[in-house]
Amino acid sequence: MQPIGRKRWAIAEGYIPSQSSFAHRTLISHETACILNAADQDAHVSITLFFTDREPVGPYRVTVAARRTLHLRFNDLKDPEPVPRDTDYSSVFESDVPIIVQHTRMDTRHAEVSLLSTTAYAEA
Amino acid sequence: MQPIGRKRWAIAEGYIPSQSSFAHRTLISHETACILNAADQDAHVSITLFFTDREPVGPYRVTVAARRTLHLRFNDLKDPEPVPRDTDYSSVFESDVPIIVQHTRMDTRHAEVSLLSTTAYAEA
Amino acid sequence: MQPIGRKRWAIAEGYIPSQSSFAHRTLISHETACILNAADQDAHVSITLFFTDREPVGPYRVTVAARRTLHLRFNDLKDPEPVPRDTDYSSVFESDVPIIVQHTRMDTRHAEVSLLSTTAYAEA
Amino acid sequence: MQPIGRKRWAIAEGYIPSQSSFAHRTLISHETACILNAADQDAHVSITLFFTDREPVGPYRVTVAARRTLHLRFNDLKDPEPVPRDTDYSSVFESDVPIIVQHTRMDTRHAEVSLLSTTAYAEA
(Lines give C-alpha, C1' and ligand atoms only; values in the text may rest on other atoms or scores of the structure.)
Protein backbone atom coordinates (compact mmCIF):
# COMPACT_ATOMS: atom_id res chain seq x y z
CA MET A 1 0.00 0.00 0.00
CA GLN A 2 1.17 3.54 -0.83
CA PRO A 3 2.19 5.44 2.31
CA ILE A 4 -0.69 7.21 4.06
CA GLY A 5 -0.61 9.56 7.05
CA ARG A 6 1.68 12.08 8.67
CA LYS A 7 4.61 11.92 11.08
CA ARG A 8 3.50 14.50 13.66
CA TRP A 9 0.13 14.62 15.41
CA ALA A 10 -1.39 16.42 18.38
CA ILE A 11 -4.43 15.92 20.60
CA ALA A 12 -5.27 19.02 22.63
CA GLU A 13 -7.95 17.35 24.76
CA GLY A 14 -6.98 14.87 27.46
CA TYR A 15 -8.75 13.85 30.66
CA ILE A 16 -9.15 10.42 32.21
CA PRO A 17 -11.93 10.30 34.82
CA SER A 18 -10.91 8.33 37.90
CA GLN A 19 -14.41 6.97 38.31
CA SER A 20 -16.26 4.27 36.38
CA SER A 21 -19.59 2.58 36.80
CA PHE A 22 -18.31 -0.75 35.52
CA ALA A 23 -15.47 -3.07 36.45
CA HIS A 24 -14.87 -4.70 33.06
CA ARG A 25 -11.79 -3.36 31.25
CA THR A 26 -13.78 -2.46 28.14
CA LEU A 27 -16.11 -0.22 30.16
CA ILE A 28 -13.70 1.47 32.56
CA SER A 29 -13.40 5.22 31.84
CA HIS A 30 -10.47 5.61 29.49
CA GLU A 31 -8.85 7.61 26.73
CA THR A 32 -7.34 6.00 23.67
CA ALA A 33 -5.04 7.08 20.88
CA CYS A 34 -5.83 4.80 17.94
CA ILE A 35 -2.66 4.64 15.82
CA LEU A 36 -2.72 3.12 12.35
CA ASN A 37 0.55 2.21 10.65
CA ALA A 38 -0.36 1.15 7.11
CA ALA A 39 3.28 1.22 6.00
CA ASP A 40 5.60 -1.73 5.44
CA GLN A 41 8.09 -0.66 8.14
CA ASP A 42 7.53 -0.53 11.88
CA ALA A 43 6.65 2.91 13.26
CA HIS A 44 8.59 4.09 16.30
CA VAL A 45 6.38 6.61 18.02
CA SER A 46 7.42 9.06 20.76
CA ILE A 47 4.61 10.56 22.81
CA THR A 48 4.99 13.70 24.92
CA LEU A 49 2.33 14.72 27.44
CA PHE A 50 1.66 18.37 28.29
CA PHE A 51 0.03 19.62 31.49
CA THR A 52 -1.46 22.83 32.89
CA ASP A 53 1.09 23.67 35.51
CA ARG A 54 4.22 21.57 35.09
CA GLU A 55 6.80 20.64 32.48
CA PRO A 56 5.98 18.09 29.77
CA VAL A 57 6.51 14.38 30.51
CA GLY A 58 8.05 11.95 28.04
CA PRO A 59 8.90 10.56 25.74
CA TYR A 60 6.70 7.53 26.12
CA ARG A 61 7.84 5.12 23.41
CA VAL A 62 5.63 2.69 21.53
CA THR A 63 6.19 0.68 18.39
CA VAL A 64 3.37 0.08 15.95
CA ALA A 65 4.39 -2.82 13.77
CA ALA A 66 4.18 -2.63 9.99
CA ARG A 67 0.59 -3.01 8.71
CA ARG A 68 -0.88 -2.99 12.22
CA THR A 69 -3.10 -0.79 14.36
CA LEU A 70 -2.53 -0.04 18.02
CA HIS A 71 -5.40 1.27 20.13
CA LEU A 72 -3.22 2.66 22.88
CA ARG A 73 -4.89 3.45 26.18
CA PHE A 74 -3.41 6.45 27.94
CA ASN A 75 -4.52 4.63 31.12
CA ASP A 76 -1.88 1.96 30.40
CA LEU A 77 1.12 4.29 29.96
CA LYS A 78 3.62 3.71 32.78
CA ASP A 79 7.10 4.76 31.69
CA PRO A 80 8.36 7.40 32.54
CA GLU A 81 5.24 7.75 34.74
CA PRO A 82 1.50 6.96 34.74
CA VAL A 83 -0.98 9.50 33.40
CA PRO A 84 -2.65 11.19 36.37
CA ARG A 85 -6.43 10.80 36.60
CA ASP A 86 -8.88 13.73 36.79
CA THR A 87 -6.19 15.96 35.28
CA ASP A 88 -6.15 18.02 32.08
CA TYR A 89 -3.45 17.04 29.59
CA SER A 90 -2.57 17.16 25.88
CA SER A 91 -0.36 14.91 23.77
CA VAL A 92 1.99 15.10 20.79
CA PHE A 93 2.94 12.07 18.67
CA GLU A 94 6.14 11.92 16.61
CA SER A 95 6.75 8.93 14.35
CA ASP A 96 9.51 7.92 11.96
CA VAL A 97 6.99 6.67 9.38
CA PRO A 98 3.58 8.13 8.44
CA ILE A 99 0.76 7.13 10.78
CA ILE A 100 -2.85 8.15 11.43
CA VAL A 101 -4.00 9.11 14.95
CA GLN A 102 -7.57 9.27 16.25
CA HIS A 103 -8.55 10.19 19.79
CA THR A 104 -11.40 8.62 21.78
CA ARG A 105 -12.69 8.93 25.32
CA MET A 106 -15.11 6.55 26.99
CA ASP A 107 -16.60 8.15 30.07
CA THR A 108 -18.56 5.89 32.42
CA ARG A 109 -18.58 8.03 35.54
CA HIS A 110 -22.33 7.61 35.48
CA ALA A 111 -24.29 4.48 34.71
CA GLU A 112 -24.29 4.95 30.97
CA VAL A 113 -21.54 5.01 28.40
CA SER A 114 -20.56 8.38 26.94
CA LEU A 115 -18.18 8.63 24.00
CA LEU A 116 -16.26 11.28 22.13
CA SER A 117 -13.85 10.93 19.22
CA THR A 118 -11.98 13.02 16.69
CA THR A 119 -9.27 12.63 14.12
CA ALA A 120 -6.25 14.30 15.74
CA TYR A 121 -4.48 17.38 14.35
CA ALA A 122 -1.91 16.40 11.71
CA GLU A 123 1.04 18.67 11.02
CA ALA A 124 1.31 19.41 7.33
CA MET B 1 -21.09 19.94 -9.30
CA GLN B 2 -17.34 20.61 -9.23
CA PRO B 3 -15.46 17.60 -7.82
CA ILE B 4 -15.15 17.58 -4.03
CA GLY B 5 -13.21 15.22 -1.79
CA ARG B 6 -10.10 13.06 -1.85
CA LYS B 7 -9.23 9.59 -3.10
CA ARG B 8 -7.56 8.14 -0.02
CA TRP B 9 -8.96 8.15 3.51
CA ALA B 10 -8.17 6.46 6.81
CA ILE B 11 -10.05 5.81 10.06
CA ALA B 12 -7.73 4.80 12.89
CA GLU B 13 -10.51 3.94 15.35
CA GLY B 14 -12.56 0.80 14.86
CA TYR B 15 -14.47 -1.34 17.35
CA ILE B 16 -17.88 -2.98 17.03
CA PRO B 17 -19.33 -4.01 20.40
CA SER B 18 -20.94 -7.45 20.25
CA GLN B 19 -23.64 -6.40 22.69
CA SER B 20 -26.70 -4.21 22.18
CA SER B 21 -29.63 -3.25 24.35
CA PHE B 22 -32.03 -3.14 21.43
CA ALA B 23 -33.06 -5.55 18.71
CA HIS B 24 -34.02 -3.06 16.00
CA ARG B 25 -31.41 -2.68 13.25
CA THR B 26 -31.16 1.08 13.74
CA LEU B 27 -30.22 0.65 17.41
CA ILE B 28 -27.88 -2.34 17.26
CA SER B 29 -24.31 -1.39 18.19
CA HIS B 30 -22.57 -0.59 14.92
CA GLU B 31 -19.88 1.36 13.13
CA THR B 32 -20.49 3.17 9.88
CA ALA B 33 -18.36 4.73 7.19
CA CYS B 34 -20.51 7.37 5.54
CA ILE B 35 -19.22 7.78 1.98
CA LEU B 36 -20.36 10.68 -0.19
CA ASN B 37 -19.71 10.58 -3.92
CA ALA B 38 -20.77 13.98 -5.26
CA ALA B 39 -19.14 13.30 -8.64
CA ASP B 40 -20.82 12.38 -11.91
CA GLN B 41 -19.04 9.00 -12.21
CA ASP B 42 -19.45 5.97 -9.96
CA ALA B 43 -16.79 5.59 -7.27
CA HIS B 44 -15.15 2.18 -6.94
CA VAL B 45 -13.90 1.99 -3.38
CA SER B 46 -11.47 -0.59 -1.96
CA ILE B 47 -11.41 -0.93 1.81
CA THR B 48 -8.57 -2.56 3.74
CA LEU B 49 -8.91 -3.44 7.42
CA PHE B 50 -5.94 -3.42 9.78
CA PHE B 51 -5.70 -5.34 13.06
CA THR B 52 -3.52 -5.48 16.15
CA ASP B 53 -1.92 -8.85 15.67
CA ARG B 54 -2.51 -10.17 12.18
CA GLU B 55 -2.10 -9.16 8.55
CA PRO B 56 -4.57 -6.71 6.94
CA VAL B 57 -7.75 -8.09 5.40
CA GLY B 58 -9.16 -6.92 2.09
CA PRO B 59 -9.89 -5.46 -0.22
CA TYR B 60 -13.58 -5.18 0.49
CA ARG B 61 -15.09 -3.62 -2.62
CA VAL B 62 -18.06 -1.27 -2.71
CA THR B 63 -19.41 0.99 -5.40
CA VAL B 64 -20.91 4.34 -4.54
CA ALA B 65 -22.97 5.44 -7.51
CA ALA B 66 -22.56 8.90 -9.04
CA ARG B 67 -24.28 11.61 -6.94
CA ARG B 68 -25.14 9.19 -4.14
CA THR B 69 -24.21 8.59 -0.50
CA LEU B 70 -23.57 5.19 1.05
CA HIS B 71 -23.72 4.81 4.82
CA LEU B 72 -21.79 1.57 4.95
CA ARG B 73 -22.02 -0.50 8.10
CA PHE B 74 -18.82 -2.31 8.94
CA ASN B 75 -21.17 -4.85 10.58
CA ASP B 76 -22.46 -5.76 7.12
CA LEU B 77 -19.09 -6.43 5.45
CA LYS B 78 -18.82 -10.12 4.53
CA ASP B 79 -16.37 -10.62 1.69
CA PRO B 80 -13.54 -11.60 2.12
CA GLU B 81 -14.64 -12.10 5.77
CA PRO B 82 -16.89 -10.51 8.42
CA VAL B 83 -15.47 -7.86 10.75
CA PRO B 84 -14.85 -9.50 14.13
CA ARG B 85 -16.77 -8.03 17.08
CA ASP B 86 -15.11 -6.72 20.25
CA THR B 87 -11.87 -6.33 18.30
CA ASP B 88 -9.73 -3.26 17.60
CA TYR B 89 -9.33 -2.41 13.92
CA SER B 90 -8.57 0.48 11.55
CA SER B 91 -9.55 1.05 7.92
CA VAL B 92 -8.18 2.62 4.74
CA PHE B 93 -10.38 3.66 1.80
CA GLU B 94 -9.05 4.01 -1.75
CA SER B 95 -11.35 5.35 -4.46
CA ASP B 96 -10.96 6.07 -8.16
CA VAL B 97 -12.92 9.34 -7.85
CA PRO B 98 -12.90 11.91 -5.02
CA ILE B 99 -15.15 10.99 -2.09
CA ILE B 100 -15.74 12.20 1.48
CA VAL B 101 -15.62 9.73 4.39
CA GLN B 102 -17.02 10.24 7.90
CA HIS B 103 -16.88 7.65 10.68
CA THR B 104 -19.63 7.01 13.24
CA ARG B 105 -20.14 4.51 16.04
CA MET B 106 -23.42 3.85 17.80
CA ASP B 107 -22.80 2.02 21.04
CA THR B 108 -25.84 0.56 22.79
CA ARG B 109 -24.15 -1.91 25.11
CA HIS B 110 -26.07 -0.22 27.89
CA ALA B 111 -29.65 0.96 27.83
CA GLU B 112 -28.91 4.34 26.31
CA VAL B 113 -27.54 5.33 22.95
CA SER B 114 -23.97 6.61 22.81
CA LEU B 115 -22.54 8.14 19.65
CA LEU B 116 -19.21 9.26 18.30
CA SER B 117 -18.32 10.67 14.90
CA THR B 118 -15.44 12.33 13.07
CA THR B 119 -14.49 13.31 9.58
CA ALA B 120 -11.86 10.72 8.60
CA TYR B 121 -8.23 11.54 7.76
CA ALA B 122 -7.88 12.57 4.10
CA GLU B 123 -4.56 12.12 2.34
CA ALA B 124 -3.50 15.38 0.72
CA MET C 1 -10.84 40.27 10.97
CA GLN C 2 -8.70 38.57 8.28
CA PRO C 3 -10.78 36.11 6.25
CA ILE C 4 -10.96 32.61 7.76
CA GLY C 5 -12.51 29.46 6.33
CA ARG C 6 -13.19 27.82 2.99
CA LYS C 7 -15.89 28.10 0.35
CA ARG C 8 -16.77 24.42 -0.11
CA TRP C 9 -17.61 21.94 2.64
CA ALA C 10 -19.08 18.46 2.88
CA ILE C 11 -20.69 16.37 5.62
CA ALA C 12 -20.90 12.69 4.70
CA GLU C 13 -23.00 11.68 7.71
CA GLY C 14 -26.66 12.65 7.87
CA TYR C 15 -29.58 11.05 9.68
CA ILE C 16 -32.44 12.67 11.59
CA PRO C 17 -34.24 10.23 13.90
CA SER C 18 -38.02 10.65 13.77
CA GLN C 19 -38.33 9.85 17.45
CA SER C 20 -37.55 11.98 20.49
CA SER C 21 -38.06 11.53 24.21
CA PHE C 22 -38.69 15.20 24.80
CA ALA C 23 -41.09 17.77 23.39
CA HIS C 24 -38.98 20.90 23.88
CA ARG C 25 -37.38 22.20 20.68
CA THR C 26 -33.89 22.13 22.19
CA LEU C 27 -34.19 18.41 22.98
CA ILE C 28 -35.96 17.09 19.89
CA SER C 29 -33.70 14.77 17.87
CA HIS C 30 -32.01 16.98 15.28
CA GLU C 31 -29.00 17.57 13.10
CA THR C 32 -27.35 20.95 12.78
CA ALA C 33 -24.83 22.55 10.44
CA CYS C 34 -23.18 25.32 12.43
CA ILE C 35 -22.01 27.90 9.89
CA LEU C 36 -19.67 30.70 10.93
CA ASN C 37 -19.21 33.71 8.65
CA ALA C 38 -16.44 35.80 10.21
CA ALA C 39 -16.11 37.94 7.07
CA ASP C 40 -17.40 41.47 6.53
CA GLN C 41 -19.71 40.51 3.66
CA ASP C 42 -22.82 38.32 3.82
CA ALA C 43 -22.30 34.69 2.82
CA HIS C 44 -24.75 33.23 0.32
CA VAL C 45 -24.70 29.48 0.90
CA SER C 46 -26.16 26.80 -1.38
CA ILE C 47 -26.74 23.40 0.21
CA THR C 48 -27.22 20.21 -1.80
CA LEU C 49 -28.44 17.00 -0.15
CA PHE C 50 -27.41 13.57 -1.40
CA PHE C 51 -29.31 10.33 -0.84
CA THR C 52 -28.81 6.60 -1.17
CA ASP C 53 -31.18 5.85 -4.00
CA ARG C 54 -32.33 9.02 -5.68
CA GLU C 55 -30.98 12.18 -7.29
CA PRO C 56 -29.62 15.04 -5.13
CA VAL C 57 -32.06 17.67 -3.85
CA GLY C 58 -31.31 21.37 -3.80
CA PRO C 59 -30.09 23.93 -3.74
CA TYR C 60 -31.37 24.99 -0.38
CA ARG C 61 -30.32 28.64 -0.02
CA VAL C 62 -29.41 30.35 3.22
CA THR C 63 -27.70 33.65 3.93
CA VAL C 64 -25.32 33.99 6.85
CA ALA C 65 -24.93 37.69 7.54
CA ALA C 66 -21.49 39.29 7.88
CA ARG C 67 -19.90 38.55 11.29
CA ARG C 68 -22.67 36.19 12.30
CA THR C 69 -23.11 32.48 13.02
CA LEU C 70 -26.08 30.39 11.89
CA HIS C 71 -26.77 27.08 13.61
CA LEU C 72 -28.94 25.69 10.86
CA ARG C 73 -31.16 22.73 11.71
CA PHE C 74 -31.59 20.32 8.85
CA ASN C 75 -34.98 19.62 10.47
CA ASP C 76 -36.07 23.15 9.51
CA LEU C 77 -35.16 23.00 5.80
CA LYS C 78 -38.34 23.19 3.70
CA ASP C 79 -37.57 24.53 0.24
CA PRO C 80 -37.34 22.76 -2.20
CA GLU C 81 -38.51 19.97 0.20
CA PRO C 82 -38.20 18.86 3.84
CA VAL C 83 -35.40 16.48 4.83
CA PRO C 84 -36.91 13.02 5.28
CA ARG C 85 -36.59 11.48 8.75
CA ASP C 86 -34.97 8.10 9.42
CA THR C 87 -33.15 8.39 6.11
CA ASP C 88 -29.42 8.43 5.29
CA TYR C 89 -28.19 11.60 3.60
CA SER C 90 -25.06 13.72 3.03
CA SER C 91 -24.67 17.43 2.34
CA VAL C 92 -22.42 19.80 0.40
CA PHE C 93 -22.14 23.52 1.20
CA GLU C 94 -21.01 26.11 -1.38
CA SER C 95 -20.51 29.71 -0.28
CA ASP C 96 -19.41 32.89 -2.02
CA VAL C 97 -17.26 33.93 0.96
CA PRO C 98 -15.14 31.75 3.27
CA ILE C 99 -17.13 30.06 6.06
CA ILE C 100 -16.54 27.34 8.66
CA VAL C 101 -18.96 24.39 8.94
CA GLN C 102 -19.34 22.01 11.89
CA HIS C 103 -21.84 19.16 12.05
CA THR C 104 -23.75 18.07 15.17
CA ARG C 105 -26.46 15.52 15.89
CA MET C 106 -28.53 15.38 19.04
CA ASP C 107 -30.20 12.00 19.34
CA THR C 108 -32.91 11.65 22.00
CA ARG C 109 -34.64 8.54 20.76
CA HIS C 110 -34.13 7.16 24.23
CA ALA C 111 -34.50 9.01 27.52
CA GLU C 112 -31.02 10.46 27.54
CA VAL C 113 -29.28 12.89 25.27
CA SER C 114 -26.65 11.56 22.90
CA LEU C 115 -24.42 13.89 20.90
CA LEU C 116 -21.93 13.70 18.08
CA SER C 117 -20.01 16.49 16.35
CA THR C 118 -17.20 16.99 13.87
CA THR C 119 -15.65 19.76 11.88
CA ALA C 120 -16.85 19.11 8.33
CA TYR C 121 -14.57 18.30 5.38
CA ALA C 122 -13.19 21.50 3.80
CA GLU C 123 -12.12 21.47 0.19
CA ALA C 124 -8.60 22.84 -0.15
CA MET D 1 10.26 20.31 20.25
CA GLN D 2 9.79 21.52 16.65
CA PRO D 3 6.86 23.94 16.37
CA ILE D 4 3.49 22.23 15.85
CA GLY D 5 0.12 23.80 15.17
CA ARG D 6 -1.40 26.83 13.51
CA LYS D 7 -2.03 30.43 14.53
CA ARG D 8 -5.70 30.78 13.55
CA TRP D 9 -8.51 28.42 14.52
CA ALA D 10 -12.31 28.43 14.43
CA ILE D 11 -15.08 26.47 16.16
CA ALA D 12 -18.44 26.90 14.43
CA GLU D 13 -20.46 25.09 17.11
CA GLY D 14 -21.06 26.73 20.47
CA TYR D 15 -23.87 26.25 23.00
CA ILE D 16 -23.70 26.07 26.78
CA PRO D 17 -26.84 24.54 28.31
CA SER D 18 -27.98 26.44 31.41
CA GLN D 19 -29.12 23.25 33.07
CA SER D 20 -27.11 20.47 34.69
CA SER D 21 -28.04 17.36 36.65
CA PHE D 22 -24.99 17.60 38.87
CA ALA D 23 -23.51 20.27 41.12
CA HIS D 24 -19.85 19.27 40.93
CA ARG D 25 -17.76 21.52 38.68
CA THR D 26 -16.52 18.59 36.59
CA LEU D 27 -20.09 17.57 35.73
CA ILE D 28 -21.78 20.92 35.17
CA SER D 29 -22.78 21.38 31.52
CA HIS D 30 -19.90 23.18 29.86
CA GLU D 31 -17.96 23.81 26.69
CA THR D 32 -14.20 23.78 26.56
CA ALA D 33 -11.53 24.89 24.12
CA CYS D 34 -8.49 22.74 24.83
CA ILE D 35 -5.45 24.77 23.73
CA LEU D 36 -2.03 23.15 23.47
CA ASN D 37 1.07 25.33 23.23
CA ALA D 38 3.98 22.97 22.59
CA ALA D 39 6.31 25.86 21.72
CA ASP D 40 9.04 27.36 23.89
CA GLN D 41 7.44 30.83 24.00
CA ASP D 42 4.18 31.82 25.66
CA ALA D 43 1.16 32.00 23.35
CA HIS D 44 -0.99 35.12 23.57
CA VAL D 45 -4.40 34.11 22.31
CA SER D 46 -7.26 36.45 21.35
CA ILE D 47 -10.71 34.90 21.20
CA THR D 48 -13.66 36.46 19.39
CA LEU D 49 -17.21 35.17 19.87
CA PHE D 50 -19.81 35.36 17.11
CA PHE D 51 -23.57 35.30 17.61
CA THR D 52 -26.74 34.92 15.57
CA ASP D 53 -28.16 38.39 15.84
CA ARG D 54 -25.60 40.79 17.23
CA GLU D 55 -22.05 42.00 16.63
CA PRO D 56 -19.09 39.84 17.69
CA VAL D 57 -17.78 40.14 21.25
CA GLY D 58 -14.10 40.25 22.14
CA PRO D 59 -11.28 39.94 22.22
CA TYR D 60 -11.10 37.71 25.24
CA ARG D 61 -7.40 37.38 26.01
CA VAL D 62 -5.72 34.32 27.46
CA THR D 63 -2.08 33.33 27.73
CA VAL D 64 -1.03 29.72 27.34
CA ALA D 65 2.45 29.42 28.81
CA ALA D 66 5.27 27.75 26.89
CA ARG D 67 4.99 23.94 26.95
CA ARG D 68 1.62 24.00 28.66
CA THR D 69 -1.99 23.09 27.88
CA LEU D 70 -5.01 25.15 28.87
CA HIS D 71 -8.44 23.55 28.92
CA LEU D 72 -10.38 26.79 28.80
CA ARG D 73 -14.03 26.67 29.79
CA PHE D 74 -16.19 29.08 27.84
CA ASN D 75 -18.33 29.11 31.01
CA ASP D 76 -15.48 30.89 32.82
CA LEU D 77 -14.96 33.73 30.32
CA LYS D 78 -15.90 37.05 31.95
CA ASP D 79 -14.09 39.93 30.25
CA PRO D 80 -15.43 41.74 28.22
CA GLU D 81 -18.64 39.82 29.17
CA PRO D 82 -19.80 36.31 30.18
CA VAL D 83 -20.90 33.86 27.49
CA PRO D 84 -24.70 33.72 27.53
CA ARG D 85 -26.24 30.33 28.28
CA ASP D 86 -28.73 28.56 25.97
CA THR D 87 -27.45 30.69 23.09
CA ASP D 88 -25.84 29.71 19.78
CA TYR D 89 -22.32 31.06 19.28
CA SER D 90 -19.06 30.40 17.37
CA SER D 91 -15.48 31.30 18.20
CA VAL D 92 -12.25 32.29 16.45
CA PHE D 93 -8.81 31.93 18.06
CA GLU D 94 -5.80 34.03 16.99
CA SER D 95 -2.41 33.30 18.53
CA ASP D 96 1.08 34.73 18.10
CA VAL D 97 2.67 31.25 18.19
CA PRO D 98 1.36 27.98 16.74
CA ILE D 99 -1.20 26.21 18.94
CA ILE D 100 -3.64 23.31 18.62
CA VAL D 101 -7.33 23.78 19.49
CA GLN D 102 -9.90 21.05 20.23
CA HIS D 103 -13.51 21.68 21.15
CA THR D 104 -15.54 19.67 23.69
CA ARG D 105 -19.02 19.93 25.16
CA MET D 106 -20.24 18.08 28.23
CA ASP D 107 -24.01 18.15 28.36
CA THR D 108 -25.64 17.00 31.59
CA ARG D 109 -29.09 18.49 31.17
CA HIS D 110 -30.39 15.00 31.82
CA ALA D 111 -29.12 12.52 34.37
CA GLU D 112 -26.39 11.09 32.20
CA VAL D 113 -23.29 12.59 30.74
CA SER D 114 -23.25 13.34 27.02
CA LEU D 115 -20.06 14.37 25.24
CA LEU D 116 -19.00 15.71 21.89
CA SER D 117 -15.54 16.73 20.66
CA THR D 118 -13.75 17.69 17.48
CA THR D 119 -10.44 19.10 16.40
CA ALA D 120 -11.24 22.70 15.45
CA TYR D 121 -10.81 24.16 11.96
CA ALA D 122 -7.22 25.34 11.39
CA GLU D 123 -6.51 28.04 8.86
CA ALA D 124 -3.80 26.91 6.45
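Here the chain labels run A, B, C and D in written order, and each chain numbers its own residues starting at 1.
By definition in this document, a residue touches a chain if its C-beta (ideal position, glycine included) is under 8 Å from a C-beta of that chain, and two chains touch if they have at least 3 such contacts.
Bear in mind the structure is a predicted one, so any value in this text is a computation, not a measurement.
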Rotation in the CA alignment of chain A with chain B, degrees, nearest 5: 90
Copy pair chain A, chain D: interface residue numbering same or different (half cut): different
Approximate Å spacing (C-alpha centroids) for the pair chain B, chain C: 21
Rounded Å distance, chain A centre to chain C centre (Cα mean): 30
Multi-chain contact residues (two or more partners), chain D: 111-112, 114-119, 124
Residues on chain C engaged by chain B in the complex (per definition of touch): 8, 10-15, 17, 48, 50-53, 55-56, 86, 88-90, 92, 103, 105, 107, 109-112, 114-121, 123-124
Contacting residues of chain B [partner chain C, same complex]: 1-2, 4-5, 26-27, 32, 34-36, 38, 67-71, 100-102, 104, 111-119, 122, 124
